[in-house]
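In the two complexes below, chain A is the common chain; its partner is chain B in one and chain C in the other.
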Partner chain A sequence: MTTSSHLVYLIALPLVSAAILLLLGRIADKWGHYVATLVSASTFAIAVIEFFSMRSRSGDARAATQDLFTWISVGSFNVHASLLLDQLSICFVLLITGVGTLIHIYSIAYMSHDHDRRRFFAYLNLFVAAMLLLVLGDSYLNLYVGWEGVGLASYLLIGFWNQKPAYAVAAKKAFVANRVGDIGLSLAIMIAFAQFGSVSFAGVKEGVPHASTAALTALGAMLLLAAAGKSAQFPLQSWLGDAMAGPTPVSALIHAATMVTAGVYLITRSNFVFDASHTAQNMVIAVGAITLLFGALVGTAKDDIKKALAASTMSQIGYMILATGLGPIGYAFAIMHLLTHGFFKAGMFLGAGSVMHGMNDEVNMRRYGAIGKVMPITAVTFGLGYLAIIGVPPFAGFYSKDKIIETAFNIGGSKGVIVGGAALLGAAITAFYMTRVIVLTFTGTKRWDDEAHPHESPALMWIPMVILAVGSIASGFLFNSGHALVKWLEPVVNASGAEEGEALLAPMTVSALALGVVAVGVAIAIVKYRTVPVEAPAGNVLTRIVRRDLLQDDFNDRVLVRPGQALTRFFVGMDKSFIDGIVRGVGGTIAVGSTNLRKIQNGYVRSYALIMVVGVLALLTTIWMVTL
Partner chain B sequence: MNISNYLYLSAILFTLGAVGVVVRRNAIVVFMCVELMLNAANLAFVTFSRVNGDLVGQVASFFTMVVAACEVVVGLAIIVTMYRSRRSASVDDASLLKR
Partner chain C sequence: MLIAPQLSYALLAPILIVLGGALLGVLVEAVMKKGSRAAIQTTIALGTLVLAFAFLWRIHGQTSKTAAVNSVAIDGVGIFIQGTILILSFIAILFIADTDNFAAQASAVPGSEDERAAVQAGKQQTEIFPLTLFAVSGMLLFPVASDLITLFVALEVLSLPLYLMAGLSRRRRLLSQEAALKYFLLGAFSSAFFLFGAAFLYGYSGSMTLDGIASAISANAANDVFLLIGIVFLSVGLLFKIGAVPFHSWTPDVYQGAPTPITGFMAACTKIAAMGATLRIFYVAFSPAEWQWKPIILTIAILTMVVGGVAAIAQRDVKRMLAFSSIAHAGFLLAAVLALNTSGLKGALFYLATYGFTTLGAFGVITLVRDSSGEVTDLNRWVGLGKKSPLTASIFTLFLLSFAGIPLTSGFIAKFSLFTGAYETGNTVVVVVGVLTSAITAFFYLRVVVMLFFTDPKSDSVTVVIPSIMTRIAIAVCAIVTIVLGVAPSLLLNTAQTFATFIR
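Then we have the complex of A and B:
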């Protein structure tokens, strides 16, 4: 462990910048976006410097910590607000600041017509600060602060155009779904504290060997719930599609590259918990496998380009979650896929934003077509991202996704066949829906209105796209050459402990299989979408179900929302009739009683005198009777 | 003569006074009935003093007389003032606090 004194700047710079932009108000309108971008770029610079200084150190000295202050001190329980930059965090820090900076640059042009651009950049900086805190915190409690911070930033940015009620509702939906996950995280922290008396990663890791399996399973399940909420995994996946209401750069940064991968980070960070509980690990595998198919299926039926990409994000994060359930070696592949996905998915979102920018914010792909001719740079960069996501060699996704499929097959037994088969099927569907997006958007005949004048986007927009496209090409090869990333992450995830069991399928076989199913998916999409009607055909029952996101909202509505509302109404009724009834009844009885009692106050002296006489007589009689 | 007869008389007088207070409307008469009740009490005091053979009861009756005198002074003054302002000495008219 090395101590460092400037990790805090990574968080403080964007946080201060966000505060300045929000507090100065309209004064900062003219230059606010430049400040935000500059700050983001400087955090990236710090991250790069930290990365190289980390590489220059060796072995155990690589991880750096910084103790900021004692946050909670109760008896023997101490929580320090400290930062930890190790081999795992630096991957995230580089991704967040790097992609974040590119998206800041992109947004300068993308948001140039929005009169609230300064506020947008303030929120972006707030997000960067919170996300960096999330990955730099050295305890679950510190992570929780960042976790809530990114939730807030996500809410603010999804609802950035909250003058449209549907967008405001989408923001609320994301917030509420995230809240369910957050309950999981807070319960996980409580379990960790109750079991280990510590909430720091190191403390929990130390305690794991002495803990009962049941406690570890509970802890793992709660961490998985938290991850599912933040990463839009089954069964908390419903918010991600609606989150596309936010501006496209937000979808690229928060809802594709960084925030939604926080769940993968959480599980990878807690690898010692999941390695110790097979039940929790199996739950992770199940959630990942279900979501990767769920997202892929939903992606096949979406006409909204951003929602198609969102479904794809969900599916790709499903792959990552699945990988984190596959034991020590899986974590490294999850992170590898996370990083390559960060490149190609952010690139494709920016491409989608570029198309929307040229098409008067039209998102319906059925109204696109032949855009490749008018927007060549966008088409090429998007195409490179496409080749990366479907896993064509030598693009990034080929290395990262094939590794996951291979590992899934090789966990052994029927479980391996089922999970590997699911991953393979997911790859085929991915190829289908991504080809569909490409065909509908960039090729074919033009289907847009005459009012739309699609044109190539300004340089500020296409330069980030080009850089991300280069990342989509090269990152997979770089991470995989000589197992660079696996070796880099080894101290964190203990990948060396993984026994090289008997492999069910050789890497070459898996690659060949994957390429085969991908080719099938691509071919089906090309044949099916040779002609594209502008109005979506009615489709059969299955198509309609998939279009309705596999009925996720109907399910939530029927099973959760309406019974919840009924329960609320019941309690409101109880409150009104029963609780208020008691209170009002007491008051009413006293009021009626006193009204009646007041009638004897008639103002006549003689009646008062009579009451006195009667009273004295009653008193005397009582005394007489008692003494008798 | 049986000493309890005095107590019977005292009780009768007291009852008369109490009934008078309750049923009569004229303030002067009500007032006189109050005096009657006080004097009935005095008679009882003196009787008990006689029974016990000491002076405690008689002293108490003197106190009662002093109180009665003070009460007459204040009470008559109120009745006269009331009569002057309202041309009536009926206690039923003096119910302003209620209305």
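Then we have the complex of A and C:
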């Protein structure tokens, strides 16, 4: 462990900047966005410096800590507000600050017509600060602060245009769904404290070998619940699609590249818990596998370009979650996919934003078509992201996704076949719906009105897109060459040095299989969408169900919302009749007493003096009787 | 042969300086022209208090000294209370100096030609400043006095100016004069009890000093009846000053009638001084007899909390409401007397300081709400004030929340630490009643908040005057202290802990 004294600036800078922008108000309208962008860039600079200094250290000295202050000290329960920057968190810090800075730059242009641009940048900075706190905290409690912080920032940004009621509702939906997950995290913290007397990562890790399997399973399940809420995983996935109400840069940064991956971080960070409980691990695998198929299916029926991408995000995070369930070797692949996904998905979201920017905020892909000709840069960068996500070599997704599919097959037995098969099927569907997005948007015939004048976006917008596209091309190869990322992360996630299990299928076979199914998916999409009607056809029952997000909202509404409302009505009734009755009774009694007391206060000195004399006599009597 | 007593002037300096300032003020009244008096008096009063505080600061480390032949004890509690009183008096002077609250000519009969002439000439009574300083000097002496004679002298020095000051209101003069007379009559009555009690205690112990009485009780030498009567009578004098039931009757009338800045000064500083003296007497002199007096103090504490809390609900006048609230607070503070331990003492010191700031601030805000004929204290006319002047209403709300003991205000920490102390020594009953009455008191504070913010304003001539810079500073300081000590109580709590010792 090395001690560092400047980790805190990573969090403090954007936090202070957010506070300044919010408190100064309109005064800062002219320059606020520059300050926010500069601050974000400087956190990236700090992150880069920290990264190289970490690389120059070796072995145990790589992780750096900074103790800020004693936060809670109650009896034997002590929590320090301390930061921990190790091989795992630096990956996130670089992603958050790097992609974050690009999106700040992009937003300067994207939000240039918005009246409240300063407030938007303040929230972005707030998000960066909270997210960095989330990945830098050295205990579950510190993480929790950041966890709630990103939840707040996400809420504020989804509802940024809350003058539209639907958007405000979307923000609330995200908030409520996250709340369910947050309860999981707080329960997890309580379990950790009850079991280990500590809530720090190190303390829990130390205690794991002595804990019962049941406790570890409970802890793992609660952590998984938390992860499901934040990362939009089954069964708490329903909020992510609606979260697209936020401005597109927000979707790119928070709801694609960073915040929604917090769940993956949480599970990876807690690897010692999941490695010790197979039940918890199996739950993780199940959640990941279900979500990756769920998201992919939903993606096939979405006409809203952002919602299609959102479904894809859900599905891709499903891959990551699945990977984290695959044991010590899986964590590194989860993180690898997380990082490559950060590049290509953020890039595609920015591309979608760029298209919307040129198309008067039209999001319906059925009204796009042939945009590639008028927006070449957007089309090319989006296309590179597309190649990455469907996993064409040598683009980034090929390396990261293949590794996950391969590892899934290799866990062995029928479980391996099922999970690996699901991952493979997911890849095929991914290829289908992403091809659909490309075909509908960039190729084919133009279907937009003559009023729309699509044009290439300004440089401030396409430069970040180009940089992210470069990342989509090269990052996978870089992470994979010489197992760079796996080895880098080994001290944190695979301390025992576990090797990949016996290979069920050779890596080459997996790659070939994957490429095969991808080709099929692409081909079907191309054939099916040769002509695109502007109005969506009615479709069969299955299509309609998929369009309704596989009935997720109907399910929640019937099973949770309505009974919940009925229960609420019951309690309100009880409160009004029974509890308020008691309260009113007590209140009434006191009020009567009060009025009577007021009569004693009649204003005559003689009565007052008499009361005093009576008082004195009463005291004398009392003290007399006590002494007897 | 008579030996001249040794006076350690350094230890007595704060009291002597304030007395000197008061005398200087009297001289100014005699020789300066009318027009320039107010400014000079303000300067003298504020300067005196600052100087006194500076001298107090010099001796703040010497917490185990006696001065003036053992009749004054300079210890932790004494210094803490003296410091609190000096700071609060400073703020009170800012309020007093600011507004035209005081009678143009106190000697003029209300409603007479003389009065009208004096008002038209723009006169304002400036004797209020030396009177305040005299009262402050008494308040500084009262909590450090460690023999019965000094206690009595201090009690009178602090009371006599207050009787006068209560009668100096510029408007509604009859009400004000009535209040002054009531206060004087009942005050004299209670002083008589105090003096009588002192005589009985001397008769019992043969000693005038507090530790002399304590050792007599420990030795269990003499006639118990004298002791018991002495304890009861002496307590009556003290309980009268802190406004405990059933010796509280004067409080609502006097708080309502007195000029509002004076009410604030009385509610804050008098209560602190009297509570300081009460704590000293019970902790130092009476503690060996705790089994005799605890039941009566417990009864009084409970009565005071309940009556104060319940009676406040029916009040329609904001000053009367705060008067009953101050009665309830006196009940809470008596829990510290029952605690008889360091943490209770610490809680009481913290409570007194925070209560003082909040009270002064609240009465300060009341001076701002007016119509054409002066202050408006009828609560029904405060309705909707939050819409007319949100800042003023918010600050008043802050003070009310602190009175109610809502977390993140100083009032919460104060109640919490006070009750903790009482609970530690097994006074569960008083803690339970205290918490319950806190809930009752919260009701009427919150009712005012509802009136301020959630009811539509009536078309009424009630306005909030723009306060002068001095009032603004004073209210701001009170509000800031209320918040800061609610968020970071350790700033003062640690100090209170260090100073929570009596010398015997």
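The rule is simple: the second predicted complex is superposed on the first by the 572 of 628 C-alpha atoms of A that agree within 3 Å, B and C clash if a C-alpha of one lies under 4 Å from a C-alpha of the other, contacts with A are read in each partner's own complex, and residues count from 1 in each chain.
Everything below uses one rule, namely that a residue touches a chain if its C-beta (ideal position, glycine included) is under 8 Å from a C-beta of that chain, and two chains touch if they have at least 3 such contacts.
The shown structure was predicted, so the numbers you read here are calculated from the model rather than taken from an experiment.
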Which superposed partner A:Ala536 touches (first chain B, second chain C, both, neither): neither
Touched partner set for A:Val626, first chain B, second chain C, both or neither: second
Per-residue contact with chain A, leading partner among chain C and chain B: C
Partner chain(s) touched by A:Ala609 [first = chain B, second = chain C, both, neither]: both
Partner chain in contact with A:Ile590 - chain B first, chain C second, else both or neither: second
Which of chain B and chain C A:Arg598 touches, first, second, both or neither: second
Shared chain A surface residues [contacts with chain B and with chain C]: 601, 603, 605, 609
Residues on chain C engaged by chain A in the complex (per definition of touch): 181-182, 185-186, 189-190, 193, 224, 228-229, 231-233, 235-236, 240, 245-247, 249-250, 252-253, 291-293, 295-296, 299-300, 307, 310-315, 440, 443
Contacting residues of chain A [partner chain C, same complex]: 587, 590-591, 593-595, 597-598, 600-601, 603, 605, 607-609, 611-612, 614-616, 618-620, 622-624, 626-627
Residue ranges of chain B touching chain A (in the complex, touch as defined): 18, 21-25, 30, 91-92, 94-99
Contact footprint of chain B on chain A as seen in their complex: 601-606, 609-610, 613
